[in-house]
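Look for subunit A in each of the two complexes below; its partner is subunit B in the first and subunit C in the second.
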Partner chain A sequence: MFIVIIGNGRAGSMLAGELSRSGHEVVVVEKVAENFKRLPVDFSGFQVEGDALEQDILKNARVDQADTVIVITGNDKVNYMVAKLAEHVFKVPKIIVRLTDHKKLHIYNDSKQIEVVSQYDLLVKGMLDSIGRIEG
Partner chain B sequence: MQIMLVGGGKLVYHLAKRLIAKGYFVVVINKDEIYTKELARELNATIVCGEASDKDILEDAGAFRTDVLVALTQKDHDNLFICKMAKEYFGIERTTSIVNNPDNESLFKKMGINGIFNLTELLSSLIEQNVVSEDIRNLVTLEEGKLSVSQIIIPEDAPAAGKKVRVINLPLSIVLGGIIREGNVIIPRGETVIKPGDKVLVISLPEDQALAIRILGGEN
Partner chain C sequence: MNYKKVLAVRYRLIIKYTGILVILTALALILPLLSLVFYPGETNYIIHFIYSSIFAFVVGGLMYFYGHSSDNSQVDLTLKEGSIIVLLSWILAMFFSAIPFLWGMKMSWTHAIFEVVSGWTTTGLSVMNVETTPAIFLLWRSLMQLLGGAGLAVIALSYLLPVHGMGLYRAEARNDKLLPHVKKSTAMIMRIYGGFVLSGIFLYWLVGMDLFSAINHAMAALSTGGFSTKSASIGYWPEFDIELITIILMLLGTINFASHFTLLQGKVKTFFRNGEIRFMLLIIGFLTPLLMFTSLNLVYASLGTNLRITLFQVVSAISTTGFSTIDFNTWPLFANFIIIILMIIGGGTGSTAGGIKQYRIYIMIKSIFWEIKEQFSPRNQVKENYIWKGDNKEYINAEHIKEIANYIMLYLLTFAVGVAIFLLSGYGLQESLFEFGSALGTVGLSIGITSASAPNHILITEIAGMFLGRLEFLIIFFAAIKIIKDLKYISK
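On to the complex of A and B.
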């Protein structure tokens, strides 16, 4: 599968490494060149340096051909707009977005192609599960 | 009517001042503490210091009672997000936003933002017109610049001066909408003669505008 990852922070770089290792074609878009150092040494995908809010940068990253776009920067507002550009301008069939503030989840209501992953919901769920295991 | 303004700088200050003078209830949201304090001193409006994309801040600022939200920040992603928050969470029907990057206008339109002001484009086209020529004025562009309406004052040496509309051979993508001669409006037909000094209203595709100017306006 051809996957474009927007944001190469701690989460993005880890995901990029995993996906590239399991044989997917991966392009990573990141605004700060310095952050590309985070990618593992065996990462075999491409790097595009630039602001993903610029449509030209998304075009360079071939978002229009992507099977999946993963938007994983730490800024909910940036993630929303990039996801919407991927949905409406580049017609990407599947978009996965990271959400930090779970109160903002409702804003994705009208998005069919977009799947939202709420990080704190996952964290809390993980904690509750492990409590369940101790008690259980 | 209650109007909520999000953003800062002189623009928000002067816009708020004008709206208040017209009798609207104005709420301004900005995250800068010094700016909001200053505004609170100068304006008879509700000033809220906080992050406008935060649901709780919007609610505290009275979003449920707001009729129009205007997003005026310099970041397009903030503007888009705040407008959508206003719509999805608080049912604010009318949202207006400035667009800083011209490429984003079509996305904003698709996302249902009602009023869109493409600042960079507006300013650059105004300045361009002012610099380029006094005889040619771009009046309006429709549908994000897919159709342009401009006004050309016919100079003495124009290729079309003194000729009938029929013989100047305009391509089909250029239409003359009207001629203003000595204050009277003439609807051009094939037999109408174009005279120097006529103000001609030209409707064309933007890519053919230069051609229209060459035929009607001469070399310059």
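On to the complex of A and C.
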């Protein structure tokens, strides 16, 4: 599968490494060149340096050909903007977005292609599960 | 887990991967038997190839199982570890490839190793007399060039190895990513390479070369190797079309696989925007007429012959192929000087060629212009220098230029040392520069020093030059230093 990952922070680089290792074609877009150092040594995909809010950068990363776009920067506003660009301008079939503030979940309500992963919901769910294990 | 255990796990993985590459060599050793289709009478040599193949297979298999037993499936290879694999597997591959020459041709160790190194590094210098050599050995020489041109690691990565191999890919002097995954990139390289070889064989056959020679020459031309089945090389065929096909194949071989990929996608404009391609076309377009009209018009009277021979030799030298149609002793000093310069510049990066590589020379020349321009620009100007590489602008920073300058310095130092050894052995300056430049750049043009009667230490110097030139120095140093450091640690 051809996957474009927007954002190469701690989460993005880990994901990029895992996907590349399991045989997917991966392109990573990151604004700060220094962050590319986070990628593991056996990451063999492309690295695109630039601001994902610019359509040219997304075009460079071949978002138009992507099977899946993963938007995983730490900024909800940027994530929303890029996800919408991917959905409407580049017509990507599947978009997965990281959500920091779970109260903003409703902003994605109208999009069919976008799947939202809310980090604090996951965290809370994980904590609750641990408590459940202790009590049960 | 203490560091010694970590090291043990990683070295087991290194041994396992090296084992796979040795098994690959064992399979390759079977391929020369195909020559029996053309020359059924040479059955008495089969046994040497079978024995070497079994020998390699057993050693490779043992290494594989030794490395496989431990739990190391999650280990990522770094560039340094990849370097060790590449270095070890190349040395072992060369060792096993030399065995048929030792037993079958009764050659000495130095001669057999020389021939094999010249094959795997796609050089094409030879100490054999091809007229008396059985066809099965000629095919084996061409096959070594074919495989050495692609590189063992690249072949292995494309279909055999699991994906943890970016370090391995980079260790074999390849950096270009054609597609966003190393396995798909290497598979694409193999497809492009294989496609070119098949079309080369077809073209040669079409213009009247016999099939056996067509197969050998197509492999030797595209791998920029330059082994021939005739002692007169391509000059054996007087037809112009065979020379023309050879020129085209040599050019294809010396162009970066990533550039081929853009061309095959139909992006002609992108292809010609690449600085390296422009640089090469400029050199060929400028130096061919310069040679023709300033010095070689004294040697070749007719304009047609002059153009044919000059163009062929210029392309043969810069592509680091090393087919020759003439004797360089008859050329004037100036012409040979230009050929030496071309051999030092060499072919494209990420291709099958050798030499310093046009990309590096191109960046350094550009960098001189950039520096001059900077002095005449406003003091606070912000400017980022770039070159075109495929669809992308590649920004060139000072770090990158430093790496390139270091490489060129290392190359020229090695060149100087090698030439000094030649001079101390009593050869002339021109001959020494030419012959060692040819070996170091993995070209294969010869001015007459390399032959079966050459002294052993000269052949060993050339072997070292070819080996360093093909694997681009640094990875050999990385590998050697890492092994020494780790051994020191373990013995503590």
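Of note:
Note that the second predicted complex is superposed on the first by the 136 of 136 C-alpha atoms of A that agree within 3 Å, B and C clash if a C-alpha of one lies under 4 Å from a C-alpha of the other, contacts with A are read in each partner's own complex, and residues count from 1 in each chain.
The rule we apply is simple: a residue touches a chain if its C-beta (ideal position, glycine included) is under 8 Å from a C-beta of that chain, and two chains touch if they have at least 3 such contacts.
Fair warning: this is a prediction, and the values are worked out from it, not measured in the lab.
For the composite obtained by overlaying on subunit A, subunit B and subunit C can both be accommodated side by side without a clash.
In the superposed model, A:109 lies in contact with subunit B only, and not with subunit C. Within the superposed three-chain model, A:44 lies in touch with subunit C and out of touch with subunit B [touch as defined at top]. Contact with neither subunit B nor subunit C is seen for A:90 once the two complexes are overlaid on the shared chain. When the two complexes are overlaid on their common chain A, residue A:24 makes contact with subunit C while staying clear of subunit B. When both complexes are overlaid on chain A, the residue A:55 reaches subunit B alone and has no touch with subunit C.
After overlaying the two complexes on the shared chain, residue contacts for A:77 are found with subunit B alone; subunit C is out of touch.
Applying the stated contact rule after C-alpha superposition, one finds that A:2 touches subunit C and leaves subunit B untouched.
Number of subunit A residues touched is higher for B, counting subunit B against subunit C. With chain A as the common frame, subunit A serves as the apex of an angle whose CA-centre rays point to subunit B and subunit C; its value is 110 degrees, to a multiple of 10.
Between subunit B and subunit C, the minimal CA-CA distance in the chain A superposition rounds to 21 Å.
Across the complex, subunit A is touched by residues 53-56, 75-78, 80-81, 84-85, 88-89, 101, 103, 106-107, 110-111 of subunit B.
Every residue of subunit A that touches subunit C in the complex is listed here, in rising order: 2, 20-27, 40-46, 60. By the touch criterion stated above, subunit A contacts subunit B in their complex at residues 53-56, 75-78, 80-82, 84-85, 88-89, 101, 103-104, 106-107, 109-110. Those residues of subunit C whose C-beta lies close enough to touch subunit A in the complex are 76-79, 163-167, 169, 177, 179-185, 391-392.
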